[in-house]
Amino acid sequence: MGSTIGTTLRVTIFGQSHSEAVGCVIEGLPSGFALDRRALQAFMERRAPGRNAWSTPRKEADEVHIVSGLNARGETCGAPLTALIYNTNTRSGDYDELSRVPRPGHADFTAQMKWHGAQDVPGGGHFSARLTAPLCVAGGIALQYLEPRGVHIAGHALQVGSERDVPFDALRHSMESSAHLQQQMQSLRDAQPTGFPTISEKAGRRMAALIEQVRQDEDSVGGIVECVATGLPAGIGGPRYDGIQGTIARVVFGIPAVKGLEFGAGFSVAALRGSQNNDPYEMRDGTPIPASNSAGGSLGGISSGAPLLFRMAVKPTPSIARSQQSVDLMLGEGSILRIRGRHDPCVAPRAVPVAEAAMAIALLDSWLSWPPAPADWASSS
Amino acid sequence: MGSTIGTTLRVTIFGQSHSEAVGCVIEGLPSGFALDRRALQAFMERRAPGRNAWSTPRKEADEVHIVSGLNARGETCGAPLTALIYNTNTRSGDYDELSRVPRPGHADFTAQMKWHGAQDVPGGGHFSARLTAPLCVAGGIALQYLEPRGVHIAGHALQVGSERDVPFDALRHSMESSAHLQQQMQSLRDAQPTGFPTISEKAGRRMAALIEQVRQDEDSVGGIVECVATGLPAGIGGPRYDGIQGTIARVVFGIPAVKGLEFGAGFSVAALRGSQNNDPYEMRDGTPIPASNSAGGSLGGISSGAPLLFRMAVKPTPSIARSQQSVDLMLGEGSILRIRGRHDPCVAPRAVPVAEAAMAIALLDSWLSWPPAPADWASSS
Amino acid sequence: MGSTIGTTLRVTIFGQSHSEAVGCVIEGLPSGFALDRRALQAFMERRAPGRNAWSTPRKEADEVHIVSGLNARGETCGAPLTALIYNTNTRSGDYDELSRVPRPGHADFTAQMKWHGAQDVPGGGHFSARLTAPLCVAGGIALQYLEPRGVHIAGHALQVGSERDVPFDALRHSMESSAHLQQQMQSLRDAQPTGFPTISEKAGRRMAALIEQVRQDEDSVGGIVECVATGLPAGIGGPRYDGIQGTIARVVFGIPAVKGLEFGAGFSVAALRGSQNNDPYEMRDGTPIPASNSAGGSLGGISSGAPLLFRMAVKPTPSIARSQQSVDLMLGEGSILRIRGRHDPCVAPRAVPVAEAAMAIALLDSWLSWPPAPADWASSS
Amino acid sequence: MGSTIGTTLRVTIFGQSHSEAVGCVIEGLPSGFALDRRALQAFMERRAPGRNAWSTPRKEADEVHIVSGLNARGETCGAPLTALIYNTNTRSGDYDELSRVPRPGHADFTAQMKWHGAQDVPGGGHFSARLTAPLCVAGGIALQYLEPRGVHIAGHALQVGSERDVPFDALRHSMESSAHLQQQMQSLRDAQPTGFPTISEKAGRRMAALIEQVRQDEDSVGGIVECVATGLPAGIGGPRYDGIQGTIARVVFGIPAVKGLEFGAGFSVAALRGSQNNDPYEMRDGTPIPASNSAGGSLGGISSGAPLLFRMAVKPTPSIARSQQSVDLMLGEGSILRIRGRHDPCVAPRAVPVAEAAMAIALLDSWLSWPPAPADWASSS
């Protein structure tokens, strides 16, 4: 409990910022598919720090070691797949201050309230954003399974501070919008891994400039990541608590810094009329489909065949160089905190592959757990 | 899977709109507390339809029958508690059309894609908003446990269409704001069950008028429900996927019509700097606390001692009287749908107790699953 | 937790001996199959008390009310199925003594140690053997799904006291033994519901006579139930903790009075050599099969295609009319207990359908959770 | 699913016989206790092969590497603890024959029926008895938590072939038997890790001689392991499917080769009368206790305060040097198999620490999941 997500595809994340390794165990992967380790490593690179101007200069290797779960041919074998990423930065330094003077916006304080000093303090321990690396391992593997089956996933930084990218054209679901959305997704793929993850290159430059400005201000800034999946057939998922929205939500709210999540038209539905928000049905190529997509691809927790679309809000990185007001928990009095070290002034760009990983894990789990009702399973005998 | 939430407090929701009953089984309730059935029924009344001008004129009794889980003294006894609400409206009418012509915005279409006709069609079956009644039973019981222990929960309709209520004063966390928030929560309690659930009476009147207007337009309108919990001690919850945010999210996205969820400053964090969004710590009455509450009461999935605050967006009721474009799934051609029957033009006001129930279930589960690390449990022997 | 079994097929048992009802919620049933209520009721009759000379004269109706989970045509609809059996015997009588003076062999004492008086005392509360009725509901429904797909299940009283029935001919797995086993299973079906559940009619008469003797002695006697399933294809189940043996074990040890469980050759393997116990493979009708069945149908948690065979030991009914030594928990001193009321002197015969239900639930869950690896699931889209 | 056990203490086992590593992730460990790595390694030694005359001469290091879950002081920190044991013997050799010609008594055949060649074949893959090493890691850690809290666990080889050790004196529960049982447990501790794990040294010598004889016969032999836990307070566990017996059963049936499990008087209850099998209560030192222990320490799934006692039957090692009848799955015809390599002729002695580990994991999980009902938890705030 706590570090495990999923029902049929079950992912357990482990590790701390300064433990020997972070990693994951994946149970329930379909067997018999060959893992492309090079593609997995390329996916990891998009999250890795120190690759460009707008992220922390700390460079971590994020090399994935798979110690179980594959057969001799390198295919998934039905047994749990375990992947490790060794930490290069372990147990060094003096973290006494951090355990005494909690960083505002971090889990330092609440972890202390919960564990009274037993928690692993350095680097945020198990709360560290470093734990998104094993999430990306699991997501990257899930993607390798989904893509050849027609499900494609892409994300971008929709907003950083006051700067906005153009949104995915995923709410209309016309022939034209579908083509446009594919084009947007392709342009994002073309830009990886070094470009700023925006659809509009201009918006990307403005965001990068803002992030640079914020860094010079010894501050940080928040953002919104938008993520879309196309090609998911209608009928995946199920009612109530393990529906597609809920399954995504549980993964997404396990990503550090996320404070909001919305699907399709999202919070804007509050101001809409039913006649505006309802997606009418039409026949297209002999198949019934929703002709628009305010619903964001999910009705009653089940996929509609339209693109799955979510947006998640990530808060400004709490670690900022400016002095901050905190308390010394040992002395029981106020204390001014100055955080040393190098931190991303904005997590939104590096959170893009993390959002894609979350989408991939949730969709594969939904598909495996809640496939459309089969033709009689007796035939499988 | 699918209709069960929770880890230690486990709630399974069952029933369909037109089955003999809807209800829930609750496992893991603390034993030995006496249930106040009258208070539970009063809580149910706030969700029940047909009680006022702005909801559907269908009147349902929503009387709670508890068939297991209590001892002879009416206290929880450690065994699963099962509650039923009998449906008065079962299996009547001709629903053939609905199974052929899906209602836009409902799960009719996706359920058909999933179950190919096996789903229970009348009234939306297991997808019906009627299933929020057993959620309120579970939430109402959880509330009876939390309240004497100092945890208080309140919700209101923050927005309906373009009309807005004043928000909870929960982001500041000063002495003054705490007093103000308590006053707001008290005024909401005073207004139940017949008043419109807003802090500002004026805003309530405007919302009620808007809903009446929308009804006359044969349309519906969306809204935002805001919900707060005070008195939760710091240290409840845990990292990653079963943290407080994720636990709430899983319940909330199981409520029909919800399209977005945010905590604390929510989506507005995207535009904030870290220096604005970080909540500094200070000593108050000898205790360290966050001096403001952008975080909405949760850091790293663990409660901070500040009020827990979430907002959820509910879409406009999909069932509207206006003609809508759909398809006849049997004929495979377009079809104009006109929905008969009486439906809430806006679910936001009735969703207020549902949001409170979701908060109560999630917080009690978090507390029971992830209490602060105990003094050595060996002492329990 | 606690009253729920299963992974994909999830059964939650609720109720107490003297609550308004006992029952179950079943999640994950395959959708679209029509329930035969008459057949279900007939299955329930085999467990029901008061039907014959060797069980308690208390007559309970055990009529099954299904309040959710079926569509208008009476088929499973994908939503949780909830069944109730109302208790006719509720909250009557004075049970103060039982809460003070625990019955030896019952859970009275341990429940008191756990809940300190909050537990529901009358009739054993949630620990009552009455809770095997809803287990039979779930099992009876699972059977209706398995039987048309070729899986047949039968049980018998293998031993009562020192009397033994002939065992199932399930350890050989030759052509001849298969035919013989089918004949044994048929003879058991023919004998239901009124005959004593033994393969040998003579053994049944001896067991019935022994039980009558024991009753006159104001005592009770234990037994062994043997249960077999044929027709399960090879490849169902999986390694380690959710294998077929483990899945059956978890259900079986949830049946009151069970103290032992063994598969295939069971405890006798201790005295065997590998050359005796290993089941060689051979080709039969072009298919590889194990030529004998010491393994009892499961290797590494996965079905082998040979009959699944288990035996479970049930202890003598703890409620006996003789005086017994106990303690008065309130006075803190020894006390002589005399249990009034009518009790089965031997639970083995009525435990036969319970064992079959356990087998059916476990096998259907294993099949749904761990089907043989499919041809690529992408084809399901 | 499949390789995870437990509810609050959750252990996921991973690895294959020839993968880079085997290991486990443990979630839910109580935080703040210091791990004694030397004691853990000593516990591992008792299971490790190649240490004495009666086990396989293959010598494996079984050195435990902990890569997450500890804080800088080496204490559990609330985050998942991950331990690895690197395999020295990876991917070598030619296993084509094994995937074609399944070994009788192994999971080779059923794995092939399930995964059609995707399974990891060498050494039995994820089905290998090597996976009991990470189970011992988890159990060894659980033991370190239980022992200082008064819970002591010991196991012995009760039977090997026709040779029997004296049983634990755990069914009487008198003052005298308690002292005797402690003496037996102490003698077993004194004999570790090199002696044969029996209470009677003579019996151990006879068993060792029998095993040597069996080895020379190119055969193997089965056995029974008996395991006891003392010091568990009354009131741990709960009714039905997650009771103490069921929790132990699920772990035990996940151990390769186990074919039977019984508690207390076990299968012998079949021949007993209630008046013999019921354990009367008496006051001892002011505390009510069961005066005898046919129940084996558990009533209704809840601990009674008497010793927890189980016996598990392990089949003869299926890998024997003698020629065996099998089939060539590729050619579809019979084939004579001769297994090369070195294998334990009897797994019972090495299964003793595995049984202890299973007991420790199940008891700690039960304790954490189902502690006695607390004094009001509100006090924890």
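Every chain is named by a letter (A, B, C and D) in the order it is written, and numbering of its residues begins at 1.
Quick note on the criterion: a residue touches a chain if its C-beta (ideal position, glycine included) is under 8 Å from a C-beta of that chain, and two chains touch if they have at least 3 such contacts.
All values derive from a computational prediction rather than experimental measurement.
Undergrad: So which has more C-beta pairs touching, C-D or B-D?
TA: If we tally the contacting C-beta pairs, C-D comes out ahead.
Undergrad: Greatest Cα-centroid separation from subunit A: which chain?
TA: Taking each chain's C-alpha mean as its centre, the farthest from subunit A is C.
Undergrad: So how far apart, in whole Å, are subunit B and subunit C when each is placed at the average of its C-alpha atoms?
TA: That gives a centre separation of 39 Å.
Undergrad: Could you put a whole-Å number on the gap between the CA centroids of subunit B and subunit D?
TA: 45
Undergrad: What is the distance in Å between the mean C-alpha positions of subunit C and subunit D?
TA: Here the centre of subunit D sits 26 Å away from the centre of subunit C.
Undergrad: Residues touching two or more other chains, restricted to subunit B: which are they?
TA: 1-4, 13, 31-32, 78-79, 111, 114-116, 118, 126, 233, 238-239, 372-373 - these are the residues of subunit B that touch more than one other chain.
Undergrad: Enumerate the contact residues on subunit A facing subunit B in the complex.
TA: 1-5, 7, 13, 102, 104-107, 109-111, 113-116, 118, 126-127, 131, 159-162, 214, 217, 219-224, 233-243, 245-246, 249-254, 256, 258-283, 286, 288, 290-291, 294-296, 298-305, 313-320, 322, 324-327, 329, 332-334, 369-370, 372-373
Undergrad: How about subunit D: which of its residues touch subunit A in the complex?
TA: Residues 1-4, 8, 10, 12-16, 18-23, 25, 27-28, 31-32, 65-72, 75-82, 84, 91, 95, 111, 114-122, 125-126 of subunit D touch subunit A in their complex.
Undergrad: Where on subunit B is subunit D touching in the complex?
TA: Checking each residue of subunit B against subunit D gives 30-32, 78-79, 148-150, 233, 238-239, 367-368, 371-374, 376-378, 380-381.
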